[in-house]
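Everything on this sheet refers to the single structure shown next.
Going in written order, the chains are labelled A, B, C and D, and every chain counts its residues from 1.
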């Protein structure tokens, strides 16, 4: 029997990616799609690629019959998400929820209030939420009712760094993360600075010195290292649809060479389906993971002794959002982890 | 038991697309990959996206053990293909071959000699070849040993026009096909005029007035119409990787309106898995079929009475090449036609 | 002494292009910049490329001191333009105005009402307006007080076709114009369907069968031919910032060959600075006119006897809008026509 | 009287950029264009944008009459350049040469041999060469006969960092330069990894840990700091034609804040025409300098106390190559420095 799935926020890019993959997932049946501003329309009016397929009509969240769903993917803007998920559990206590927003990622409610500008509205729920970086928290996710899917930037920085921080293999005071994201990471909102002519044929940094994703990085890096870690992090937008590529500059603890860091990562991810460590000295391209749930990681020595450069890449809409969300669903449902998300990268 | 597959020319884009889809095809096993200039290398050295997967090493065609393969996809340059396929059947008469090149598409050997500049080298084989436009020649493909997979431009023009020509619904003397292709249609050869900086941020026509794909169009249009048809056809290159979009200007025979043309196409393709006719008046975007085996067709009336505009689009590497090749394989093997190629378009 | 220039609508792309070129125009001084929604801001806040330069602060139209300007470029949305220009002439009868909008292009007020959905609001002014296709109407522009700068699509179709229609060298019933435009042609408004991720990596037609630019084409083609001409015209959006490329399919009148058409165009534009006819058989690329005021035109024979294919290209923001506007200003002011707009195309 | 200019290597992108700007330079006359593989062809065959202009035919270097030229721009591959320039001075001792290649940039011949794999072939000339970072070495350039134009990556890192190193305002052991370049930086050679389909829609680092441009950085940083400086530097390729954007992570010496660094840069470049420092906290976009000779620099504080992030950007073909080359020519000839290169950035 298939799990009945509701996708909230189906008109956004993470929503459409969920639909793309769930339509081909052997154990899932999409029974509910919401999109408040597009309620009443067919999904094909919002995303013509779904024209040939039968899908439920878009409805508003108020219209959802929660009893009819087994699992909810919540792809709503942060802020409103807290209220909605509270209502979901109030309506159906046995629901499973994977939240793609930032609302339940921070365990420190003071940090939440600082970065998001208002107190958290669902404190008890927050306590029960599990951070959904699958390769790191798989065991906790198995029993979770509410999974807080990590952000795209953070997944791409945490996967390469957490094993190194756990092993105390790098200096914690000297981490620089220079991250580049495709435009879909900014969502589907109609803003002047996201128009084709504003962002093609060029490059820029944004949120320099101060970006919300840092809160998530701080939290998980500090947990992994067992001490407070504050990394330098600069996000950039690149003129491409998909992909995050992070170039990470580290100093090996006590002179540890890049080869050692590479060994730690290779061992840590040896059996993982969705994290692939390239041979030492090779670094990955974002296009080679496009459309797949893979993360590719490369490690090389800097010419400066004692320094290494790590390059990690993933598709921000897949492993950075909807793919990892389904990976978490698979874990929560006891399915093989790659079910429905083992599509191979589409290059070129 | 899985069909053992050899892919000849695995280092090109049609080759890599075959590998991408065959790796997830439940009835196929890739046992041989050739790439003459890259022989001896791993596939991952040529296409890093395959790094996580186990694939046979690239070998030269001379090294292939034909007895070990059940079916061959031939993705070689035209010209050499004829010789290779002759050798394959000489080595194993029971082989099934899907040829992605242009070598066996033209039944008129004089036309072949005219457009390709030399006489055909495998005349007998040519006679047994079946033109692989699946929706049109499905019955013949079932029993074929050698399928000549159509070109990308031609598939995108033939699917919308053949049903109309068969029904004599449009004037045959007045067809204009303005076709736009993504850059992967030009292959993976290192030519100055295909560099990023030469083709991004702009647009151009090429082969104006005279292009090899016309021979294929002439052949199939004339068969469908029962009279000689010569269409105007201009190919263009667009700054995108994938996609062909054809804007086709026709005059309805005896004043036939666009609605009638739309009705013919809707009926003809009503049960097809991979051809989707949009509601009358809507026209498709190439990005909404990207990565899928779908063809989308739209029909609208021109403001000039008696004229209609048809827009068709497909992914040149999938329905325009490797996807249709696997679709043909499925037909040849008696498998459900969409096996392994029902991936949904990836947008954005 | 420099001519004092007001640019109305400086926050749009045609506005910023005017500023870019006028800043280097030896006979122009920008004294007024308006942008209603950005009034009070510096131009550098809207277009950071102007950061190093001294420019007047953006103000609202109501704040403009018309007496202080000699010439106005009006780059406002159609509709409001009529009211604004009426007020300008009421305030200063001796003003010279170049209007980049569509408001004064149509001499037939019924056609205006039909295509724009409301009666024209400045009927008397309309009668005095001169259509600003410089190479065709240069003499009239010299004495004009109000020039209606042509649209980008129409300039790119009229320049190649008007000389042929005047000479009755092509059949008027059989013209197909397949036009492709860069995204800047759609302006700077924040709409979902203009986001980078919606328009990159793909292609689509829009306004199929029915597009406002047709009214302008009809008017000028009919004038040139001396009979009513209705061309088929389909606009497309390409994933590039700048450039229009029109592929035009014609039938020579009485079997006239492409060489003859090419001869007519070559002769007609032999002394023009901004229209360049390529050798017969060559067709142009949009990128080779990027950023310049040039139009490149190529002519080739179709393989179908009696048919020819014409390809024309220009930069939609320069010759298709702001460049031609300054060209018209130069004509109105009696300056050498290429003053300030002879920048060479930037490729790559 | 105009200076007679020879451009060697006119078929490359730096060559065509030189031609684009020199054609509009009031004091320059292009009398010689070379391109060995294209010798005998017209420039328009290699770069159609020059079709409307009169230019000398391309010849091979052996055919050049050196006596007829006053100044040579040498845009040849490194290695061959040394031999050619030796011959030029042998033929005409009074020649002025601006070399765009890397051949004369390194004063330490051992460093040259290490990074380029062979001993320098023109040791005496090397001693007389002046490093052409105009804003830093203007006085020396005035009297130079041979100027070694800096690389694009290095210009974009040296301009923001040299003033800070001179003032000892940043720690020299802790500089990380994450640089992103447009594809034209890789030149016009037909290589598979530079094809549109290989580099569009994605991002990657290359030369990680070890890149030739580092030698130039080391040399000039060490001179500026008065001690050996080794920065971490990683180049990346972005899917855009033009632009370099460098994100630079520094630690203020003794806790110096970003505001102080910003103050040093603002003062240093206050009177410069081509270097613009944005208000503190703002960072630039590469597209806002496109096509211009400008460098934009922004400085912001990192959230980590004592750390700052500097973002610098320029057009790699203009200030990063041909524009700065002409800027140096202007200095050598005693012309106003911005003559012929004051074109404003073209955005969008």
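In the analysis below, a residue touches a chain if its C-beta (ideal position, glycine included) is under 8 Å from a C-beta of that chain, and two chains touch if they have at least 3 such contacts.
Since the model is a prediction, treat every value here as computed from it, not as a measurement.
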Review point. Relative to subunit D, which chain has the most distant C-alpha mean position?
Key: B
Review point. Given the two chain pairs A-D and C-D, which is bridged by the higher number of C-beta pairs in contact?
Key: A-D
Check your understanding: So how far apart, in whole Å, are subunit A and subunit D when each is placed at the average of its C-alpha atoms?
Key -> 39
Revision key, fill the gap. Averaging C-alpha coordinates per chain, one finds the centres of subunit B and subunit D separated by a number of Å equal to 45
**Study point:** Distance from the mean Cα position of subunit D to that of subunit C, given in whole angstrom
**Key:** 36
Review point. Of all residues in subunit B, which are in touch with two or more distinct other chains?
Key: 13, 184, 197-198, 200-201, 239-242, 284-285, 287-288, 290, 348
Exercise for review: Using the touch rule from the top, collect the residues of subunit A that touch subunit D in their complex.
Suggested key: 174, 176, 178, 180, 197-198, 200-206, 208-210, 214, 230, 232, 234, 236, 238-243, 245, 247, 249, 283-288, 290, 298, 300-304, 307, 309, 311, 313, 348
Study note, to complete from the structure: As the complex stands, subunit A meets subunit B at residues 13, 16, 20, 23-24, 47-53, 184, 200-201, 241-242, 276, 278, 284-285, 287-292, 294, 296, 342-348
Revision key, fill the gap. In their shared complex, subunit D is touched by residues of subunit B numbered 13, 182-184, 188-192, 194-201, 239-241
